[in-house]
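There are structures below to look over.
One chain, chain A, appears in both complexes that follow, with chain B as partner in the first and chain C in the second.
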Partner chain A sequence: MAVALVLALLAGAYAVAVLEGWATTGRFRPAAPLIAGLALFGRESLVPRRPDRLLFETAPVLLLIAALLAAAVLPLAPNLVAVDLATGALFVNAAWAYVMVALIMAGWGPDGAYAMVAGWRFLGQLVAYAMMIVMPISAVAMRAESLATTAIVQSQADFWNVAAQPIGFVLFWLAAMAVAFLPPFDLPTAPGTLAGGVAAEYTGARLAIFRLARLLLVVTLAAAVTVFYLGGWLGPWFPAWAWTGIKTLMVAAAMFGGGRFVPRIRVEHLLQWSWKLGIPLALLNIAWAGVTLWWVDR
Partner chain B sequence: MTGQTVAVAVTGGIAVWFGVAVFRTSSMVRSALSLLASMAAIGGVFLAMEAEFLGVLQLMMMATEMAIMSVFMVMYMMDPGGLGQMEMSHQKRSSLAAGSLAGLAALGIALLVDWGPIAPVAAPPGEQTRALGIETMTRSLLVFEMAAVTILVAMIAAITVAIARRR
Partner chain C sequence: VAAARTGAAGPGALIGAMRRFVARVPRVPLLDRRLEGIGESAGVDPELMRGPVARAAGNATDVRLGDDAYTTLGFSPVVRTGGDALARLQVRLGEISASLDLVLAATSGPSAELRPARLPADLSGSAGAAVETPRGMAGLHIAVERGMVTMAHIDPPSVGHAALVPALTTGAEVADALVAVASLDLSPWEVAP
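What follows is the complex of A and B.
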């Protein structure tokens, strides 16, 4: 089972890499990520002058660990999940929180201006999106009466959470894009203004780890949208794991495709929108979940 | 049982080690990240003691809390990025005294209070989560609300002071 899960995760990351290339360049090149990845390993991995070496080396690995830990609790099928934690929905949050820690390390470590600005920018981004991750998940857990991710999927057997809690779905979707710093929330990398931001000083094998970690992160976020809102493995005809895979890739494709047509949001606008509109809506979503559940129970 | 004890001791040791590291560095960023590592190790202690919900909650909250701390760092320091070298300990004698007193008090509470019978087996994680929810919504509700309001007031006060200074 462990081998199957790792293979599924790697296949997911590869498919997401192809999708990202397709969305950004407009050309469908299925071999491009493989060639680019191999090329990265062939290149010299430079260490910038006077780095905070410990943080510089830890950051890509921590990002990879955070993505892997998040993936560990998201089920592919009823019995196909690395760890079926009773607190899975909380654990996945805890893993994503360390994305911010890794990016601050990556921003601080290399002793470069662009990277540092980008690292602190992502801190602001976290303050904007954190509540929109936690509060919609709370509402989802209310409906499932459990924090276990498998129980959350099972609670959607009658109808999916996307229909039961549409506000939460939209908020979680946008916040998920912000966690993975996908456009228009790509403030910490910001091609064009920050020259790659947190990834600016990374080259060669270190950059390969960073990119792999980021792709896995996108996979976990798309999988989380699938598990929490789109009924996870539920669906006719195909086997359970195939449904999770199809839905996850479609969510990832929609995230890439949608972000392509929107200009990058400024950090202060992101904070204003999320705190003045997003958080009240998230509270409304929790209240809505409570009222509907009470109504159904009666 | 022994494996569990070793796990608690190791994670506890890591927590103390990083706790010391907080004051032994001259970089603010390293100090903040050491504090986070120390707190995350305490999450590990919870997990080693089979308190799954508390452990995961600790791991999550401490990462975001470090973020909030950094926001305040940026608001108040002359040198927000922490580029300059700075001393992490001040008023050494009084802080040493205060720290030892607080440590002794915590140890005293841990040893002297009657904690009731020790549970032979930890409850399943789902049940623990439920019990914690009932506890925070009944007996401890007032304590939690007081703490929450206090933190909120402190945050608003800090922001007001920071804005006033900037003007």
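What follows is the complex of A and C.
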């Protein structure tokens, strides 16, 4: 099963790479990620002049591990999950915390100005999105009366969480885009202003690992939206794993597509909106979840 | 671009495409928020600002106001008061529309006869002139001796605008500083010595 899950994850990452290329260039080229990946492995992997070697080398690997850890507890089907933890929803959140650590390391490690600015930007971004990840997850766990991801999917058998908790869905969606630094939250890479930001100093195989890790991160975030709000594997006609895959890819496509039409958000605006609007709305969502549960149980 | 994509040709299609572009840009979600308050020109030397940069700060200067040909066509400068990157964008978009209106007004009436000036071959003296370029007023000073130009000096707007860069970017986040510089629309050919 582990091999099947890893293959599914890699296939998902490849499909997401095709979708990202489609969203950014407007051209559908299924072979482009493979060609680009092979080209990266064929190129020289340069090391900056005075790097913090440990941080520089481990940052892309840590980003990859963070994405894989989150994927491990997200179910493709009722019996198709690497680890069905009782605290899966909490574990996902803990795994995503390492994204911030990896990006700070990638920013600090190369000893480059752009990368460092980008790394600290992501720290600010984390301060903005962190509560909007945790609080909506709390609300879906309330409805499932469990932190197990499989139980959260099963709790949506009658009514998906996207309809039961629409505010939480929107907040979690936006926060997920911020975790994966997708446009308009691409502050730590910022093509055009920071020349790639945290990825600016990576080349060759190191850059290939960094990009693969980011794609896997997008897959896990889209899968998390599917599991927490879109009924996971629930759906007619197709096998359970297929529904999870279809929904995950559709979420990823929507994430890529939506960001194309909005300019990159400013750090201070992101923090302002998150703390002054996002967190009160997340609290309202939790209160709403409590009221609806009380109403149903009455 | 829209005219080319649709296969439409001719000035009418181009003008229509440009008007749609001008209407579409301000509707980009969050664009106002992205540009508002960046590169504010309050407190900088107003003498350094010309053209759209000056007009975005509420200063209605335009060389064309002194030109009868333009006033006859109903020209009036586009002015905003924000003095930031958003106001500069709004002025430039407004000037695209205003320029299209001028072109249409100028081409709809009878065409004027162009009469080239005839100057004596042994002319001597010096003179200056100003013209409103898309980036602001450009001055030209020339000296002529017996029909030969002995001195020519162009005073382009980007020189003054480049001098604004430290005041507009100091203390700004790097992305905001880049937006501020981009909003000045500096021409490297004008700034280079």
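Just so it is clear, the second predicted complex is superposed on the first by the 298 of 298 C-alpha atoms of A that agree within 3 Å, B and C clash if a C-alpha of one lies under 4 Å from a C-alpha of the other, contacts with A are read in each partner's own complex, and residues count from 1 in each chain.
We adopt the following convention: a contact is a pair of C-beta atoms (placed from the backbone, for glycine too) under 8 Å apart; a residue touches a chain by one contact, two chains touch by 3 or more.
Computed from a predicted model, the values in this text were never measured in an experiment.
Superposition of the two structures on chain A shows chain C fitting alongside chain B with no clash.
Applying the stated contact rule after C-alpha superposition, one finds that A:98 touches chain B and leaves chain C untouched.
Within the superposed three-chain model, A:123 lies in touch with chain B and out of touch with chain C [touch as defined at top]. Touch criterion not met for A:24: it reaches neither chain B nor chain C. The partner that reaches more residues of chain A, of the two candidates chain B and chain C, is B.
Once the two complexes are overlaid on the shared chain, A:269 sits against chain C while remaining clear of chain B.
Of the two partner chains placed by superposition, A:79 touches none, neither chain B nor chain C. When both complexes are overlaid on chain A, the residue A:193 reaches chain C alone and has no touch with chain B.
Seen from the CA centre of chain A, the centres of chain B and chain C span an angle of about 110°, rounded to a multiple of 10. Between chain B and chain C, the shortest distance over C-alpha atoms in the superposed arrangement works out to 13 Å. Across the two superposed structures, the residue set of chain A contacted by chain B and also by chain C is empty. Every residue of chain B that touches chain A in the complex is listed here, in rising order: 27, 29-30, 33, 36, 52-53, 56-57, 59-60, 63-64, 66-68, 70-71, 74, 80-81, 124-126, 129.
Chain A makes touch with chain B in their complex at residues 52, 54-55, 85-87, 90-91, 93-94, 97-98, 100-101, 104-105, 108, 116, 120, 123, 126-127, 130, 146-148.
In the complex of the two chains, the chain C residues touching chain A come out as 28-31, 33-34, 173-176, 178. Within the complex formed with chain C, the chain A residues making contact are 117, 184, 190, 193-194, 261-267, 269.
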